[in-house]
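Inspection log for the structure reproduced underneath, given as structure tokens.
Going in written order, the chains are labelled A, B, C, D, E and F, and every chain counts its residues from 1.
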Amino acid sequence: MYLADQTWPELSDYVAEESLAVVPLGSTEQHGPHLPLSTDHTIAEGLAREATDRTDFLCTPTVNVGVSVHHKQFHGTMWADAPEFRDYVESFSRNLAYHGIDRIVFVNAHGGNQTHLREVGRRLREDEVAYAVEWMWDESIPQLVNDLFEHNGPHGGPKETAMMMHLDPENVKTDELEAARDGGLVEWSNEEASVHGARDFYDSIDNTDNGVLGDQTDATPEKGARLFDAASDQLVQLLEWLDDRRFEDLMAKPHVEPKPGSRRER
Amino acid sequence: MYLADQTWPELSDYVAEESLAVVPLGSTEQHGPHLPLSTDHTIAEGLAREATDRTDFLCTPTVNVGVSVHHKQFHGTMWADAPEFRDYVESFSRNLAYHGIDRIVFVNAHGGNQTHLREVGRRLREDEVAYAVEWMWDESIPQLVNDLFEHNGPHGGPKETAMMMHLDPENVKTDELEAARDGGLVEWSNEEASVHGARDFYDSIDNTDNGVLGDQTDATPEKGARLFDAASDQLVQLLEWLDDRRFEDLMAKPHVEPKPGSRRER
Amino acid sequence: MYLADQTWPELSDYVAEESLAVVPLGSTEQHGPHLPLSTDHTIAEGLAREATDRTDFLCTPTVNVGVSVHHKQFHGTMWADAPEFRDYVESFSRNLAYHGIDRIVFVNAHGGNQTHLREVGRRLREDEVAYAVEWMWDESIPQLVNDLFEHNGPHGGPKETAMMMHLDPENVKTDELEAARDGGLVEWSNEEASVHGARDFYDSIDNTDNGVLGDQTDATPEKGARLFDAASDQLVQLLEWLDDRRFEDLMAKPHVEPKPGSRRER
Amino acid sequence: MYLADQTWPELSDYVAEESLAVVPLGSTEQHGPHLPLSTDHTIAEGLAREATDRTDFLCTPTVNVGVSVHHKQFHGTMWADAPEFRDYVESFSRNLAYHGIDRIVFVNAHGGNQTHLREVGRRLREDEVAYAVEWMWDESIPQLVNDLFEHNGPHGGPKETAMMMHLDPENVKTDELEAARDGGLVEWSNEEASVHGARDFYDSIDNTDNGVLGDQTDATPEKGARLFDAASDQLVQLLEWLDDRRFEDLMAKPHVEPKPGSRRER
Amino acid sequence: MYLADQTWPELSDYVAEESLAVVPLGSTEQHGPHLPLSTDHTIAEGLAREATDRTDFLCTPTVNVGVSVHHKQFHGTMWADAPEFRDYVESFSRNLAYHGIDRIVFVNAHGGNQTHLREVGRRLREDEVAYAVEWMWDESIPQLVNDLFEHNGPHGGPKETAMMMHLDPENVKTDELEAARDGGLVEWSNEEASVHGARDFYDSIDNTDNGVLGDQTDATPEKGARLFDAASDQLVQLLEWLDDRRFEDLMAKPHVEPKPGSRRER
Amino acid sequence: MYLADQTWPELSDYVAEESLAVVPLGSTEQHGPHLPLSTDHTIAEGLAREATDRTDFLCTPTVNVGVSVHHKQFHGTMWADAPEFRDYVESFSRNLAYHGIDRIVFVNAHGGNQTHLREVGRRLREDEVAYAVEWMWDESIPQLVNDLFEHNGPHGGPKETAMMMHLDPENVKTDELEAARDGGLVEWSNEEASVHGARDFYDSIDNTDNGVLGDQTDATPEKGARLFDAASDQLVQLLEWLDDRRFEDLMAKPHVEPKPGSRRER
């Protein structure tokens, strides 16, 4: 159920009976010569809507601008600085608790948001406001991603290309796939991004000229459909798993024994 | 031109030649029994996209969650607290300057965002980063709004209802218009919202049971189309006016004469 | 009763029995060639002291420097930036609760402080610390203001001039009234301050050369006395109204039915 | 010259020619059974106005509420928390630079403000905005204070009592002087306030029942007049000394030799 | 060269000629029944001192308390919250620039600090204050770690145990190695830490009863010595690599062509 | 007992039975030509470890970098800005409460940290999290310091020199003692640091060329040993005194009578 399309009376049952919300978050940032800047928020929204349509859990509107400063050199990349992004997401997430929401799934399609969403999740949990988890679509189906693509590329590669062919084909430039591959970096290894163990790169332009990695020509709409279905399945299962938990079991475990002060005499 | 649908190379000319961006902002909040919670962000996005399509200025994705705590009692209203909202908007607006944007129109459809967007605009201008103005659609066509509706209602009234009938008819519950009117407050005056000159109300529920004001039965899709066209016209003219200005002329005027320290001897 | 003139034992009864405080806030900013920079804080303090003298409610000292950046181009205007102003006022207001104060009237005579005081008021109310309202003197007697002056001018106009003639005649330059009128803007309309619906002006110097609006020659001490008495009456009534309320009735209403989680099974 | 009593054109010469501002700051806090809560801000304002009247330097309005949490247990004590106080004072002080002010004397009469004003002063100096010094009146005339009183008491004692007898006799309860002495702590030593070298007390109530120290019966208006004159003399001399300095000489000295990077080859 | 053991004149040559500083950071947190809470800061300090002794680059004192909230349930774990940790590290790192330091290696031995140190590094680079990289010792020698241990365990496992046997044998409880292994989790996989792709665990206690992972019985002092030497070698090479760079080449690359505004006419 | 050398199970008894922690804090800053930059944190750590070894109270690792901006002109001085220092110390101190710590002694050897540690202590006490006191070693033994040295010097003088001769003789340059004395300021008075009552100096370089005060040639290791023993004795007594208190007795006293609202009718 998409929250924004409801009137407030239509949400009565959900508010009375349920406690879970799905929040899609992406970015608006360069994705090479073949994909639109919307890529990450389109994917996040697509998956969040699909999984909540299937399950009738609540889906909020999408946060379209995330932490993308590492793509700033490319035309049009938008970004909020990390502290402001975290605080904005924390603020509206925390306020969802007023309507009884105590568990949240951040459906995320931008790697640059991950640590920040986890930090927000920790703050909400420490205050016992909500249990929030960050879910990154491709991390839910690593095997399938590996099976489908030889060089899947962490950014703007065939996995994202295929997803966009499935979700928003009009905005994929299929005649730029070869250029994307040839102007970017096909084989990517963590070693290339580090010097004697230190990650020395800060911006995507440090590694590629056109901003993308992997072999984009390996993408097809059919592969996109498979990815989308498989990831949606995983998300549905996550929502159901989360919905089944008791709130107490989602909160932090207590201090180990002996408890602080338990044998204090004063 | 919608930024998020472009690839980064497609934005080359705009970045090289232009300096204006349009940012739609709304809210996700209760709009009575007949309108979806999306109302404000749907209207802001609709107008921003229309005016930028006509002129080819750049439109960014929409900020869907704003400062709506005054509607919190109604199911599903989302909100960010004011400081976090301001800081998030300021952060990504400020970062647009990296791509040469030095003038921004915040296309806004939520009254609760107004003072905050103006505060953000002032910060950007004081640092000489950008000149940003807040534009609230109905304030651009006050005469037409008055002509079309006897009781237009500042929130969830016939002007917003008509706009949504035009922009997103599927999500307007036309069979709830009478209930909206009868369960809300048809005639609204600023006096009712104040006690001996002090605005004593903080939340919309203080004034209405169902959250809305005005006579919703007066709305029609045709009136919505007229409002949409007229407001779009105003926005187009604003964009052209702003584009014509020199940056220096948009910045703060200098200190009056005599200039500080101008006759100091030391 | 003026708090600062009491010894702490003299406040015993008030602290034990009462719960209301009046806080005057103004600004120190240009008011044209005829009025001193103190104008706003002199008026706020005058009214606050009068109404609390009549009623024996508690009046605190005055905050003399407010949010006046929009007058900065004129010699001597002082201002705190908006976040720091809000936080300072919030901090000492919140601390009043330690002495049992749970309702506060911000007696304000500077338009630039209004949204900020309301934001502070909301924060205090949301934490259920206190119910604070912003009271702007001229908004309590709109009819009388209109009756007395043809062109009352929102800043440095005849209404403020008359008030200062009544409260601090020594510091009013009566031989500058014509210059004030002729060097400023007599007729002011909101339309002049906007372009196609967007408020395009940020500073008072954008509209006037000498910083003031309205027809100052229309001011007399007698009119000032009438304004002062009428506004004081309104303030007294506000204080009594507020004192009569139960704290619970001043706090936010609860979430509408059904209550969040009320039918949750888990 | 008192800033707030001027019109903006009257400040023209000062803004063009001068660069110094005097800012009085005090507190609104308990001063025993005999002195009003205004004591500290009345003294600060009195001295600042006197010294600027004599010299024609600029005096701003007074900050009446400071950092007084350590007196909170006594009825009516007001306070801002330290970070908010610092930020508010820093904000308006920083903004004075827009009018060419590059040196500020914080005329202070409340010990609890001292470290905070020095921290603000450091921030302003590090950014090379202004050179601001904190001036605490009794620290300018330690010998006279010692000569006049056997037990001068750091808070609410005879030195403050005498000053108030001189500045605001109406609000001094002379028939409470003996009670003040007998209910408070006459002899005060730093040792009493510490345990094995750690200052263990946080609040004035930890040391005295009525909040004051010293022998108040030793105060007379004549002693107050002498203190006032002597401290005013010191302040006048400070203002003249400060006015004589070159701005560069007030800023931080450079890094010692050799300068960082001066022999770097890269 | 260890900064803290020098007098300021002894640092003259370094300040004049060099621009690199090494900052060790660790944590004070549980490391199972066999390792002291110092483990992470001991390792970081040991490596930083070794590599700077070999090369004569500057090493600062160690930050001993980091972001360890995920170990809080175990007795004695200390932690700073993430925003405060970031801001403290940023502050003193930024201030190193006053002495000409424009490149910093954060020698880190605590996984929980990584993202925060990278965020600090980004802020320093964006302001063009310094180029700072985070270096995590075991990430510099992944092959050796894998070769030496079958189950190396990311926390409190044999690699940390071996390092501590080499660096601080007195504080390693060798008779607890089996208990450490048997009471913890020997085989660790990322899958166990996630549910359908979402990392669902927040605290180490969620996965292990005694707080540690891997097979600690596989650790020997000899292996520790090899790890220490190999990682020191890597760090030395990193320092030399970094020292060889030009500052400009360490800063962010420019915006891609065409440059923003390059073809603007206005 | 030194926290960092324990395994978590070894802390079980302490966590269950005790409630006191000792936190050493110093600085890394210039101490003249004869003492290392470590001086303050070496002294703080030395005393904290000695007193906790004698008593078996818990000692945490040391905070090595403090608020030392006033020594910045001298090579190698490190510093965190005051707000970041306060927030970092507050954060980890507050988190100690999770393990039952409700009283903390900040063992401090740097004057520049004092007001900040007291501010942190106040915040912790106001939230009733912990009672924290700042203890500065030389303030615990003022008589002995005066007896041992004619010109003890507040910074880098003989008292600190003697302590370092006792604690870390290798890093004291005994052949520089005369140079230290002759290049610095032997006799220091508060009067020299103020102009007409205003403390006009901000940096140590304003008063001395080499950064130090007092007569360093008066220092001996034997005097250092006496200082160390005497201060340790004081600290031990402070810990025992603090341990003996009830938590309630360490918290702020209540509001004086009559209690706020106690006679309110509403």
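In this section, contacts are C-beta pairs under 8 Å (C-beta built on N, C-alpha and C of every residue); 3 or more make two chains touch, one makes a residue touch a chain.
Given the structure is predicted, the values throughout are model-derived calculations rather than measurements.
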Message = Quick check for the class: compute each chain's Cα centroid; which one is farthest from the centroid of chain E?
response = C
Request  = Determine, among B-D, D-F or A-E, the equivalent of interface B-E; equivalence here requires over half of the contact pairs to be the same by residue number.
outcome  = B-D
Task = With chain centres taken as the means of their Cα atoms, state the distance from chain C to chain D in Å.
result = 28
Request  = Return the distance between the CA-based centres of chain C and chain E, expressed in whole Å.
outcome  = 54
Ask   = For chain C, what residues touch not just one other chain but two or more?
value = 8, 12, 15, 69, 72, 74-75, 98-99, 255-256
Task = Identify every two-chain combination in which the chains touch.
result = A-B, A-C, A-E, A-F, B-C, B-D, B-E, C-D, C-F, D-E, D-F, E-F
Query = Touching chain D in the complex: which residues of chain B?
reply = 255-266
Inquiry  = Applying the document's contact rule, which stretches of chain B touch chain C when the two form their complex?
reply    = 69, 72-75, 82-83, 105, 115, 118-119, 121-122, 125-126, 133-137, 139-141, 194-200, 202-203, 205-206, 231, 234-235, 237-238, 241-242, 252-256
Request  = Show which residues of chain C lie in contact with chain D when the two form their complex.
outcome  = 3-9, 11-12, 14-15, 28, 30-38, 41, 60-65, 69, 72, 74-81, 84-85, 87-88, 90-92, 95-96, 98-99, 171, 173, 176, 211
Message = Looking at the complex, which residues from chain D come into contact with chain B?
response = 8, 12-13, 15-19, 98-100, 246-247
